[in-house]
């Protein structure tokens, strides 16, 4: 008995320890609803004392899923339709249980759906619905003279309008329009019918009516937490509290709060949890700043580590080979070749070796940074005034001492120029790292490019630009400290 | 009597122009006695600087052998060998990126001297060379030509080398300051028995400081021996001209 | 009468002149069949004495269509289904006449279809068809135990399997597989049914049977020349000869020749024209090489012009501002900011100003090349030995003469290092230019990335790498010529 | 009699160290007669090079005025003004990236001289300086110190300037070669009436070449006048020492 209780204590300690040291990594995809759901799960876990690390805004289903399968993240909220089609490539509808069975071998499981179904919807204003007696999608077939406007994507996808029209025998003349503009046009009465996602915040805001898809044409996209099987039982129990808790209007309302109320994901998620009695109220600061800080820090980390490595390797390699012209040339050619691999291809090439996330991004950035550093260092070292080198030799400085006291200080301006160029180019290139889930300021840029959201793009581009300027300033400071004084003397005179 | 430097049939050529290599030193046979100064005098371009650089192995002879303190120049650890030879470069040759003090004390620091010792020696040298302490933190470019040359001399003397190679060390120094340096130099040599090779264009300087005189012309030794012997019995027309000019 | 005939002569001359001086620009998209069709039209025009410029491999429908609408190209072969859906965003099938009517306002017209229809098809081996009595897609519903394997895309698209299964009431269990592998598997008897494009060369090679889409589920994708209305009447007449000339098996055969016969697009197209009596036989060299040469030349053009401009602007700007520290800094910061704009975003940003094609690519490359050149030049100019500058002043050299005889030659090594770095980075970045139809070695890379064709990627990546090496070698030669001789002297010693 | 150079109460300071600017030239009042050589002699660091650089306006005086050929130094087109003044830099100051020939002929080319004329003058100068033609296509770094110094002299003389500023121009040249140069120099001066300011540490050289002698010490003029006057009546203890050393 005594023995057992000791064991129990050890296990308790171990689990506490692991909870304390290894945070649960919660991810989201890079669109609003997914961020909110990420916050919901994250805050729920935090409420229960878990340590949570947010890895939000990953670039798509595949990256999320791969990250989960490889254990780089512990959970995220996915949609059943997506699991069926994009992940498992099934052609028929499958139940949650069936999905769970098929996905089990990857060490992953689905929890119960949250409740809402985020699928395509055909919507009209309440006014239009009443005047035309519209209840189901099929009712559109008889209603005449309705202006139907659809988003370009919905128009083109066969599981969008073409299929729907076939299924319900619709023959309306339709026009394509930007999704964002269509809501406004609908509200202004300029158009009558449009497509939407069933949880769009606009549905609530404009009090729109969803026409019933009574033939079940649109597949189900139920939100479900997708978790690693090895998640602690207590965490699973905590997450289970979300089962069936959130219906379509609820999700619409939260999306609307974010889009129209300009509130942060975290804030909206917290309010929901408080209302459900699942969490205490917390003070949440405006989300733009923490995001910005987090992205900037991550960006700094990516470029900082890559640059530090490139400086180390570049400078040492240069010092090692510069006396041998052929080797110097080979080194420069090689790092030049790396530059000709397009950045996206290079990042993609890294995945087999380093997986997704920070490491491949750092390796790629490191490789890109080498050329300017190597070339400038080698050029400077090989074009020094040979008289001074002869003097250094004559005085009795060893090779190493010559490097330290003559070559390096005299090459420093050119060397630093190369490093600064590499640093700034890195800051630019690192925005691509978001493509493989490495985060950083590319996150808002990539998301912004995808969503055509200029504000979001600027949330990445402006700090990146500032970072470049600050980097320049810091290097100027460093130069002031390390540049041989005689240059400063001249600058003054 | 041991020799501080010995040249045994040394040839040295440089390549310039399309005519192939040109002999700058041609069959040099010389022995410089230890503990005294050997002055090397000769035409501009006759190979004096080349001769010095063969001694501290900055240049390799094409033929023949150079021996220093009766030993061949070592193949390895040349930096140790060179540090025992103080070399004052023609035209100062200071490192532009180091302050004048750093130029002077660099080798002592690398040798691991303690700071107090370095500072003491530095101050003594500066005073001997008639330099004010305010040159210390300036860069060579901020000094006059003669000041630079004297900083270069301090650098050569810093480690108390057994052998000094002085390549026109006083050419940019005014005569009055120069006399002071001569006196310090002779006192140190008498006291410590330092050997020196002094390249100069000033026959009076050569006669005053050297116990051995070498006259070079077009890469060949015209005459060598104690200064008085050379003055009294010039062995060559050119030497005669030099002697006349000296008077 | 005399007057009239003079006018006629003038017009004749004018048209001949314009034919001679302004070639007809024929485009294609970036997949094999489109290349063949591009060659067909191009060679037919050439046979009739027209001067043709090939702009093949543009990156997608939108870029082709925009280029046609803006007059950057004169014609290419499109598919009716694509015109309906992707270009005109129609939701209903439209006749050629209707399409022509709608597209007319853009100054574009459709000619008659070539004959074949490149749509989705469900195929089986002849053997399987006979054993199971399969003729139509509907027959699959009754046949049991057939292994159905579909490409991932077809599996996911609602106008692919899901729609098809619904339309024909099919319930077979299906599996996803790489399209390229499936043909082999089908031929080996490992699978029974797969999807295909109806003109795939493999259909002919493996003697496969297309199951009849008797319900007309798959839309029609008839190939039609899409031409600018202002194309000379004679050229239109020439192109009209292609009407109805090419059926599905004919297109299959040509595709097979390219894929399996390893013959060039041009060669295959020429044989077809000769057989139809529409053209003389011509000697056509292996197509990889001309493509490679064309891409490489285009790449050189892009990077060459951009680099030349960057050298000019970079060096002159540096010389103009280097004496004023604040201005130098501002210039470097500005060019650093440009680096932080991710390349794809920069290319996209250029489109409103410079359209698609070469110009925006060149402008973007130019902007990216500035930083290394500027920084290295300014660094070198500001860290020269001030004693030499003082001597130059004392001798009576004017500012301009000092630049010419002292500053520039002494800064040259560092300047050239910056230029070389910029050149190599440009060669790498220029591979992205293919995204906006600027051609170059990015063409095969982008196509290869899209088609997952390593061979194609290498067709771009290897010459790009070689180009980088050759650039280095050329610069070494240049350095040998322009570097001040004292450096060479030292290198020798 | 006109003056080639006139200093009117000229002060010049340099900043070094934390003590603020230090006066390097202090209230200089001097007139150098035209057509003859003025020798400037003085302690190393006494401001001789600074004095020369005030004449060709490489440095600006802090106070006072410098006049050249009885006119103030122009504010504009200084490069034209400077080209009429030949300046031989202390320690040669050749451009390392140009061959020796290019160093010498650069200004003539910029002045648009025809090639034949340039080549003729170049060859004459080289011969006068005792340099062989094989230095032409070499770079300065490939010459001996004395050869470099003479190439620098050729450069200063190339344009036949009205005024020559010579900063220790013969310090690295051997005495025999030097005598030849003296003779050529005096011949040219007699013939063309060139004015010269010669900075030197060699009192014998000063007396031999100069018609006017200036003794500087710590930025102040100790004495000036015809050499014989100075030799005969030294006005200061330091001048006396210099004179004694000369004998």
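Each chain gets a letter, A, B, C and D, in the order it is written, and its residues are counted from 1.
Criterion: contacts are C-beta pairs under 8 Å (C-beta built on N, C-alpha and C of every residue); 3 or more make two chains touch, one makes a residue touch a chain.
Keep in mind that this is a model prediction, so the values were computed, not measured.
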| item | value |
| --- | --- |
| Intersection of contact partners for chain A and chain D | B, C |
| Whole-Å gap between the CA centroids of chain A and chain C | 30 |
| Where chain A and chain B are represented by their mean Cα positions, the distance between them in whole Å | 69 |
| Separation of chain B from chain C, taking each centre as the mean of its C-alpha atoms, in whole Å | 71 |
| Set of chain B residues in contact with two or more other chains | 96, 141-142 |
| Interface hub residues of chain A, defined as touching at least two other chains | 386-387, 487, 490 |
| Graph class of chain-chain contacts, one of line, ring, star, complete, other | complete |
| Interface residues, chain C side, partner chain A - complex | 85-86, 89, 91-92, 152, 155-163, 165-167, 171, 173-176, 325, 329, 332-333, 336-337, 339-345, 348, 371-372, 375-376, 379-380, 382-383, 386, 413-414, 416-418, 420-421, 424-425, 427-429, 431-432, 442, 445, 449, 457, 461, 464-465, 467-469, 472, 476, 487, 490-491, 493 |
| Partner chain A, residues of chain D touching it in the complex | 96, 141 |
| Residues of chain A touching chain B in the complex | 387-388, 390-398, 401, 405-406, 409-410, 484-487, 489-490 |
| Complex contact set, residues of chain B against chain D | 14, 16-17, 19, 22, 41-46, 48-49, 90-91, 130, 134, 137-138, 142-147, 149-150, 167-168, 171-179, 201-203, 238, 241-242, 245-246 |
| Touching residues (chain side chain B, partner chain A) in the complex | 53, 56, 58, 78-85, 87, 89, 93, 95-99, 106-107, 110, 139-142, 155 |
